[in-house]
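The two complexes that follow have subunit A in common; it is paired with subunit B in the first and with subunit C in the second.
Take a look at the complex of A and B:
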């Protein structure tokens, strides 16, 4: 009787999974076997292995890697400092706050900041470096993407730092480990779960960024996300768009498997 | 569990009650049945006073909705569930909608003002005999440039964009037909060319342009060019007139090799509910006095020859936006090349975008 009732509770969950996870993926796979006129074809998959799309996949991978790396470099020390401040929750809130603002608005704000006559260039000019092209460069793209993704990296790292047993740090110091050794041998290994969760939370969406590639990188950075957007909205070649999406799903699943060994701690 | 069910039922009951209230409110406001007209147009593309006048004159309530791309409009109409009586798609979208059976024929007998339209803008390839569409505005694709930032240089030809002095100074609009079309035009080919060799040649030529291209952007191009972020831009004439009204220094030119001429026409989608009002609206907008006011407000080129006569000389005499016969004869409308060719154009465009500097 008890187990029966439990099974009933599973229904909404299963319905949700079937409707919003299984069905869309099945649809994507279904569309990926169709050409632009709706006939069955395998050409889309062959097309993905042409230099154009391989190059695109590689460059998406490369940029996502850069974005994840820089996010981690900034996020880890920030999280570490956060756990040692007095008003942790307030500081955390301040860091999360920008993620409440719409992405498009933030991107437009950066167009203004990074423009030829923007604040960043005015600053460069006052300190004597002179105006530089900042907008529409690789730098601006990675910078803005890191800015947008950073809360998603800080949160899991912060959580795992908080969960860590603080007496372990004291023990390490008592036993003569330097601050750096304590970090390298105790703190970092114990928070690896948070780091992995953070990397997943940044790398996976970074792989399929689109909008920013146009607004901030001026279409000089082409990712798989851009190509999907174009195929669905402009070309109406849903088959090719779906094929790229299938590959993205596969890549993402692989990443989950590779990094998912440790225990993630997103809350 | 019981509470959950109760809460669930309560939510459904509230939703139903709200649905009833909206329908009552709508009918009180006259938003249903025979006396409304739903117009689906580009943003900021009509003089709002004209809508008010139309409502007063005919007693028809106008519901005005906007879209920002032909593709978005097409999808919404094709999906159904909408009740648009009038839409304003561009040429190639009209031919697509015609093929897909999304349009209703327009009864010319109900639109006497059709006689005011310049015959040059009637009976075009995307809608022979204007069975489904009536011209609203038209324009070109060309070069907007800032003489101060290019050292007083003026532009006459597409090929001048390849000048090494313009390094990192050009913004292109993010459209496959526009950019590939520019490549084809600069080589002297038609922008509807489907010859594979010509297309590859155009792509190679465009790839040589990449050092000069600062970015390929969407609607932001207006803001960026008016803000002098770059010196030169490939834009539609309507955007150009908006940019120039914001920053007087800039100038617009349609290159002599030829370019694209585009049309936004009024159509009646198959979702229409109020055909008499739709025809009355089209007729109202074609009235020379109304069309002239609309053109002055919107800033695009009017296809209405009698409205043009009513416009001040500084608008109607502006060769940049009302090019003369000689240039006009070199301009081409985008043909509907079919899905497959369009996909190929986009593929080439993607390759061009990926070509690194």
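Take a look at the complex of A and C:
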């Protein structure tokens, strides 16, 4: 009887999941088997394996990888320094704060900064390098994407660093390890869980970025996210767009499984 | 003796803030191959001393020497000392073997050498066969042994132990006390053991340093410290004791509790006010007529090995007695004790003054 009553409490959650998780995915899968006229077809899947789409998938991967890597390179030392500051919660808040600002606003801000007459170019000119094309390059795309994702990388790494027993660092030093060896053999392996969580939080959304590719990279970078947007909004080929989305979902699930492994064994 | 000290503190002060003095001009020397205990209540500075030796902190003033070399500014990884941490600080991502091998791998020793040394260290702490266990699969006592093996495998000159037994249950703690003492004898290296447990300190040490409020109160063998505490703090902290105010009538004659008694202490001014210590186990319960003091029993507790009796004498002093004889609450009993059971302490006497008085007084006695 009691367990029955408990089951009733689950209804809102189950309804939520059915409505906003299961149904959309089912719809995407459903659309992916239909052509532009609405007839059943497998052509969309065949088309995905043509060089055009494979190249797109590969470039998505490549950019997502670059973005994740640079985020990690910036975020790890930052998190490490944060754990040693006096007012770490305040600093953390300051780092997280920008992530509450709308993505579009931040993108426009960077257009202003990186534009031909923007702050960055003004700076380059004063130090004698001269104006450069910054906006609409790979560099600006990766730079802005890294800027946007950094809080999501810092947070899990910061937490895993905080959770780590500080006397382990003393122990490693006591046993003869230099500061670098201590980091390599103790601190980093023990915060791998946080690194993995951070990489997930960055890599997966980075795979499907589309707004930045248009605004910052000027459509020179075409990722799977861009392709989905184009198919749904421009070519109106919902079937193909849905097919790409299905592949994105599969790839994300795979990444979750792969990076999720062994996280429990750290303790 | 001064030259072969393995660790020397020279006027070491440690301050975390202008008001927050953790160590106050501490000086001492440790000889190689002995078992030292730093004993004191929490916040007395004992762990700070350990951290200064290990190299996790540098003194605000003064110098720490290891061997003859001043160690100020030398990082922990460049010191030939190893630490067994209070929480063991074993690496959770490595198995037992790799934990013990950690220091050897950093020294880049050959694989077979590492294998041999780790095996030997694990044999030393009775952990053969546990090489591939995860740390999370080990019990508290076993983790303790891994931590010891991980430290001694590096063959340090000094092993520092920071309250390593405090997390163990009583029975295991007693076992580990014996084992640690045994281990120190076999290895022949200096152990510096930090604890707040006076029984542990008395049972294990060659020499004890009693600390309070950042100063060394007294140092000496366990017997010295127990029998001849220098002040009220030491007497109170080490073992249980009856501490009373008294007056030295003259040498070997002291007055307290309203009567005069013979004692064995001397070197005082006539009629000097003093404190006297009598250990509860040195008091013998007898009939009121036979006793040197009459005490009214207020409470009695059965402690297993003995009864813990609390009574009050006619001048209102509280007496703690350990006796195998049971008494009745409310009865008057007599207490008997010999002159050597009375230990007289001078107010505010430092350790140096105490030693000087004992020496001078021994010479006088000798001359007689």
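Rule of thumb we're sticking to: the second predicted complex is superposed on the first by the 259 of 267 C-alpha atoms of A that agree within 3 Å, B and C clash if a C-alpha of one lies under 4 Å from a C-alpha of the other, contacts with A are read in each partner's own complex, and residues count from 1 in each chain.
The rule we apply is simple: a residue touches a chain if its C-beta (ideal position, glycine included) is under 8 Å from a C-beta of that chain, and two chains touch if they have at least 3 such contacts.
Quick caveat: nothing in here was measured; it's all calculated off a predicted structure.
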Query raised in the report: Overlaying the two complexes on subunit A, which is it for subunit B and subunit C: clash or fit?
Result: fit
Query raised in the report: Touch check for A:130: first (subunit B), second (subunit C), both, or neither?
Result: neither
Query raised in the report: Is subunit A touched at more residues by subunit B or by subunit C?
Result: B
Query raised in the report: Touching A:170 in the superposition: subunit B (first), subunit C (second), both, neither?
Result: second
Query raised in the report: Put subunit A at the vertex: what angle do the Cα centres of subunit B and subunit C make there, to the nearest 10 degrees?
Result: 150
Report task. Tell me which partner A:181 touches in the superposition: subunit B (first), subunit C (second), both or neither. Result -> second
Requested in this report: Once the structures are superposed on A, label A:190 by its partner contacts, choosing first (subunit B), second (subunit C), both or neither.
Outcome: second
Report summary line: Overlay on A puts the nearest Cα atoms of subunit B and subunit C apart, in Å, by 40
Report task. Using the superposition described at the top, list the residues of subunit A that contact subunit B and also contact subunit C. Result -> none
Query - Contact set on subunit A toward subunit C in their complex - result: 165, 167-168, 170-178, 181, 185-186, 189-190, 266-267
Report task. Quick one: which bits of subunit A touch subunit B in the complex? Just the residue numbers, please. Result -> 36-37, 52, 55-56, 59, 108, 111, 115-117, 133, 135-136, 214-215, 217-220, 222, 227, 230-231, 233-237, 240
Query - subunit C residues touching subunit A - in the complex, by the definition given at the top - result: 54-56, 75-77, 81-83, 85-87, 89-93, 102-103, 106-107, 136, 150-151, 154
Query - Complex contacts: residues of subunit B adjacent to subunit A - result: 69, 71-72, 168, 171, 174, 176, 214-218, 220, 223-224, 227-229, 339-340, 342-343, 346-347, 350-351, 353-354, 357
